[in-house]
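Presented sequentially are two complexes of subunit A, the first with subunit B as partner and the second with subunit C.
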Partner chain A sequence: MSIGIKHNSSKGSVGVLSSSLPCKIKRRKYSKRMLRTSLQCWVFLIPVSVGMVVFAATPILMSLFFSFTNYNGAFISQIGAFNFKRLFDFSSVAGERFLNSMRVTFIYVIANMAFCTVLSYALALFLHRKMKGIGVVRLLFYLPCLIPGFISGFIYMAIFRYSASGTTGLINTWLLNLGLPQLTFFSAKSTAIPTLVFTSVFGLGGGMIMLLAAFSNIPPTLYEAARLDGAGYFKQLFHITIPLSTPIVFYNLVTSLIAGLQTFGTYAAYGTGPEEEFNFMAVEIYRMAFSYHNYGLACAEAYLLFVIVGLLSIIMFKFSGWVHYGDD
Partner chain B sequence: MTTKLLYNSNEQLLLSARRKARKTAVDYIVKYSVAVLLLCIVLLPVVFMLFQSVMTYTESSGLEMHLFPHSFQPSNYKIITGYLSQLGNTLLVVAINAFFIPLTACITAFPFARAKFIGKKIAFAVILATVMVPASVLQIPTYTLYATVGLTGKLASLWIQAFFGGGALNIFLVIQFMRTLPKELDEAALIDGASLFRIFAVIIMPLVFNVFVYICINTVIAQWMDFQGPLMYLSSGSEKSYTLALKFYVDYTNSTYLSDHYNEMMAMVVCMSLPPVALFLVFQQRMIGGIKIGGLKD
Partner chain C sequence: MKQGIKKTFRTVLCALCCALMCFSAVACNSNVFRFDEEELDKVMNEVLNTVDFTADESYAGTLRIVTNQEPDQITIMNALLGGFKKKYPSITVDYKNYPSAGYKDTLTNMNSACTLNGKYDTFPDVFWASNTDVTEYQSLDMLMPVDYFDGRDESFDFADLVKIMVDDCKVGEHVYLMPRDSDRMVMYYNKDFLAKAGVSEEELHPDRALTKSEFLALMEKCKNVKNDDGKDVSALDAFWNWESLLWPLLHAYGGAVVKEENGVTTSALNSPETLETYKFIKELNNKGYMTEGGTGNYWRFKNKLSVFLFGVRATLTDLAANVSNIGVVPMPNLHDDESRYFVGTGCSGYAMYRHAANPTAAWLFQKYVASEEGQNAISATGNNIPVLKKLFDDENAVWRNVTVNGDASFNHDAYIYEYDTASLTAQTGYRELIKPITAIKEVSKAFEDSIKYVLQNTTSSDYLDEKNGIPKFLRSYHRDINNAIKIASGN
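Then we have the complex of A and B:
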């Protein structure tokens, strides 16, 4: 009979009697079974633990250390906070480049997030219906996403090429044939990022598929009830569809924020763009490390990027009150 | 609108049915045309890529670029023969990653989904934290680490991380999936005296097949087009050990042949895009199902 024994799921049993006795009776914090299970579980976690230490913890600490040195791949000769001072001194070359890369990254990320969220949502809404062949249509929309990222850059370069003399790209050729002047797309500083944001329209399929999955998770009984109550299409949209799909929209926003801040694939096809307009932060870090061999400064920039990503993610989570988690 | 009782109720029913049928027919036509129009825009790069890959040199690099090819030259695709050793390298890297990343993700996810152990919360928080870390922070020291061990320029640098946990996002996906499996299976096995390892190997692993395949396909697609990794770790080695992505990029930047011969370049691009497309077509049912399973409804 276990009258005098309190059962505690994680910590094993503690005797009621023993806690009221005058003398201290030693009792274990965790039961023997718990210890044995824990040991076995940690065996499962050996690969990820080794991975964490070797490929995550050590690099993070090393990066922090390097950012205070002028490591150039071979030796360190100075230690101090000079890298950070240089980066925040916006009149120096490095500081100006860093400021520029922050500017272009932010503009691109914000424009991209807004553009892609709205458009992929509209697209998913449009394709969320039972029509013959809708499956094929959805498949075709997802197809451009499957072209490897940096490769699609080459294709867009060909389509959107601008040149005053010589081969013009596809769209400019059409414009010229229509008698209209060429558009500068990727070749001018003012149109480069808008064109880049526009090319993400070809990648809408990915977000669209997730949104379609989210839409089909909404029980149709809600729509029927709304229709019985006389709700039209837009009322249903704003009161049922949008609130219940906010978790996926939020997930898409956060992942596109984190991914967008680390844009690098553009470097292959576009290089750094007209007047360094495509010198995003990750590209700048790479160039600083492997072209200029200033690993210390690159690590400092990488840490600042880390801080920015962390802060923005925390802010996004703090302000996620609008996310409606359904029946949790 | 004034109601006119000109027709009796039967004819009224018939009329309204016809009106509805006409309305839905117009509806259908409008929606299909909009879809086709949007598809024309979205598929433009794909179509352009396909058409350019069969044009002749004179046509593809003339003073004008046009969409529809006047010539047909499939011999452009011979360019792939120059990339065969890189293709082999890419296949090796992709195969190792595609098998071991889901495997280690399942191994890691099992204790979190199925057992209580000391330090569970802390371990979970640490894994969660790694999602936040940008790749740029990890890359430079990892490069230094590899350089010290002598892995730079060798293919092993691309697949060695596959054995160590498979990425936090994959682990979370598997945890979510394992939670949906009934606990009675575990308990029955425990009563019969099975150890945790036995439960994992014999009971859980066969049941997580769906999500294993999902992670496998995702990894294949991601690794196939990975450009930043090879650029960083393999550039210092010989060309023979490059992956497809890297060799293509190097050829594009080092010589003007590719940027001049757009048709051959596009042929190569088509070849590089084929595996992800083929995989998606074959596995799309499972993959979209995978998104639903790993979705945000617990």
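Then we have the complex of A and C:
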């Protein structure tokens, strides 16, 4: 029995009612209206919600569960935290291999991020000019981004192929014709990662397009004012262009970090590379699941990768003070 | 109000997560599994009780079959189904082919879904499988042990089939795959190039295997041939990065990929015998007889860029379509000792799904594959050496009467030369020793990669060098094989 008036019961129940009965009626009316509105919202949300539960939440939770089992794709006979224990035991082969895959992944990610960020920025600066035919040049730089990763991988294999005594690739053929020694490219541990990073040159167009858009958004009045104040090209670059394009640089860094940590496309073209140099974390997860049918361990590795990606992303956002947003 | 909604939302979300977690746990926990022999007998008894072993041509039912999308697979399946549908007109066959890339993963993923759901009727009753995949499928309980059917069905006997192929389809004591053929390595040659090199076909001794010295002399004679475009033609195209070719040679030289001691499997790759084997292969390269490790898909031979090819029967029509004047002789003996003659042999076949929804129709199809009619139907495609032993020497058998580009005297005997004594499958002495079986795929990959990297990365001057030559690669892949076994063992 609700007798009396509860003025603070909710924002909607206005406290001018003098008796409990009308108050109840008013509330009920209000609730019905709310319910009708909410119901409409929920009806519209159902397809997406069902999709999220079925295709996102369920696999996420199932893989979490599998990471605590020895699931082999069909059966489970053991449940516990043994997969994580194995991965953190670096004296075990699985732990050692996962650690190695982390090492090569981080080396690749850092080298790739630095290389691509600097070069795509330089390329964007170079192409941010009003020249006849610049659109065509931009298009040509962007075109390689449209080639699927694994296809371009086969192209790079043909270009950078090394063979001590057989058919060599395009570049080594040129080198041999010039009387120079061949380069090992993808075939030796010491040159495999640098070659892979170098092939990122062909994908610079993606970052370049984003940066060109960022440059276009910088108000020209700022450059005019700077010029009037006698600022040269480099002063404008360091005090206007670079600061105002940092949000896109930051975006490129975050996305390339996440993409780099999940590098997998290399597996189709180069396998695990010489002495497992291309055994990136995602590749290791794939091998564990589909070569060894140890889905449990693969899920545990995937969760570790998830935590690493999450932590590094948070760290990057924490240290993003150098990014100048429009309102700053 | 807002706080209330938030709280409710949080509670609902938590409840949902818990429910999903429990669902996952319950769904999977129901599949805690491992059969021992006694349990398998029980399970198979139940399965066999559902099979009608008296079924004849009037049997009515449905059958779902899957192969990959390789043109050869489709051609062979269509040939088989042509005869099968005639024999069993009341069986409705639903044949599908899945993309070749990822074929195996598609099947294993489908099986995972079926196992999780506990509903198996969406999985095909029969699917094509290679002998090298049998252990992997079996470890996931996807394969029906068909030897149990043999015990019940009086009209069928595995003893009628080539024993080594039946053994190749075994995991432990049970046969999990109905072999479709009994393929074997041979040496193909381009007759036009042979004539250009001034070598007569008689010098190839079509009725016996060439000795090592004869083979090397032949390579020397054929290494400077040029094709009609004036391009250099290599003497040999041999895809060494393939265990069916590499393993018999390693075995001939006394080497091994793995060894078993006290029940523990370890790598045996880093041995003087392996070094000798790889040295021999590398020297074929150094002497200019072949470029690197040959080509997958026989690219050089098919494009008329090599005189000889180490190949198999399964690709005969493809080769003949590209090389009009093709001949074949038995695989040469690449070891000095005549008693060390081994030839790579293997098969593929059709597996019955362990939980097949239509086991009777599936068994009838399996029997048909191994029957004389079935074998002749497959042989008519040109790419088959029968698995039914009596057809080996049957002059009227279809496989012996296949004409290749109009050549009625094609040397079919080359495919079965010293079959009983020299045939060696990857199973014998190699894959059968690898335990746990989940390591097989990675061990096999390491073994095949080892020769690939040796041929690609060593030069004629440093190939025996401890630091940069074959020994370096053997050490590296020896370690990889051991690691693969350790990981699969739970280390």
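Note that in this section the second predicted complex is superposed on the first by the 289 of 328 C-alpha atoms of A that agree within 3 Å, B and C clash if a C-alpha of one lies under 4 Å from a C-alpha of the other, contacts with A are read in each partner's own complex, and residues count from 1 in each chain.
Going forward, a residue touches a chain if its C-beta (ideal position, glycine included) is under 8 Å from a C-beta of that chain, and two chains touch if they have at least 3 such contacts.
Small disclaimer: the values here were computed from a predicted structure and weren't measured.
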item: Simultaneous placement of subunit C and subunit B on subunit A, clash or fit; value: clash
item: Which of subunit B and subunit C A:152 touches, first, second, both or neither; value: first
item: First, second, both or neither for A:188, with subunit B first and subunit C second; value: second
item: First, second, both or neither for A:287, with subunit B first and subunit C second; value: second
item: Touched partner set for A:260, first subunit B, second subunit C, both or neither; value: neither
item: Partner chain in contact with A:207 - subunit B first, subunit C second, else both or neither; value: neither
item: Subunit A residues touched - subunit C or subunit B, whichever exceeds; value: B
item: Touched partner set for A:275, first subunit B, second subunit C, both or neither; value: second
item: First (subunit B), second (subunit C), both or neither touched by A:72; value: second
item: Touching partner for A:309 - first (subunit B), second (subunit C), both, neither; value: first
item: Region of subunit C that runs into subunit B when the structures are aligned on their shared chain, from 6-14, 42-50 or 96-104; value: 96-104
item: Common ground on subunit A, meaning residues reached by subunit C in one complex and by subunit B in the other; value: 10, 58, 62, 66, 73, 166-167, 290
item: Partner subunit A, residues of subunit B touching it in the complex; value: 28, 31-32, 34-35, 38-39, 41-46, 48-49, 52, 61-67, 104, 107-108, 110-111, 115-120, 123, 126-127, 130-145, 147, 161, 163-166, 171, 195-197, 200, 221, 224-225, 227-228, 231-232, 235, 245, 248-249, 252, 262, 265-266, 269, 272-273, 276-277, 280-281, 284, 288, 291-292, 295-298
item: Residue ranges of subunit A in contact with subunit C within the complex; value: 10-12, 53, 57-58, 61-62, 64-66, 69, 71-77, 79, 86, 92-94, 97, 162-167, 184, 187-188, 271, 274-276, 287-288, 290-294
item: Residue numbers on subunit A that touch subunit B, as the complex places them; value: 9-10, 30, 34-35, 37-38, 40-45, 47-48, 50-52, 54-56, 58-60, 62-63, 66, 73, 123, 126-127, 129, 131, 137, 139-144, 146-152, 154-156, 158-159, 161, 166-170, 173, 201-202, 204-205, 209-210, 213-214, 216-217, 247-248, 251, 258, 261-262, 264-265, 268, 281-282, 285-286, 289-290, 295, 298-299, 301-303, 305-306, 309-310, 313, 325-326, 328
item: Residue ranges of subunit C in contact with subunit A within the complex; value: 1, 16-17, 20-21, 23-25, 28-29, 31-34, 105, 108-109, 111-112, 115, 136, 139-142, 285-286, 291-293, 438-439, 441-442, 445, 449, 453, 455-460, 476, 480, 483, 486-488, 490-491
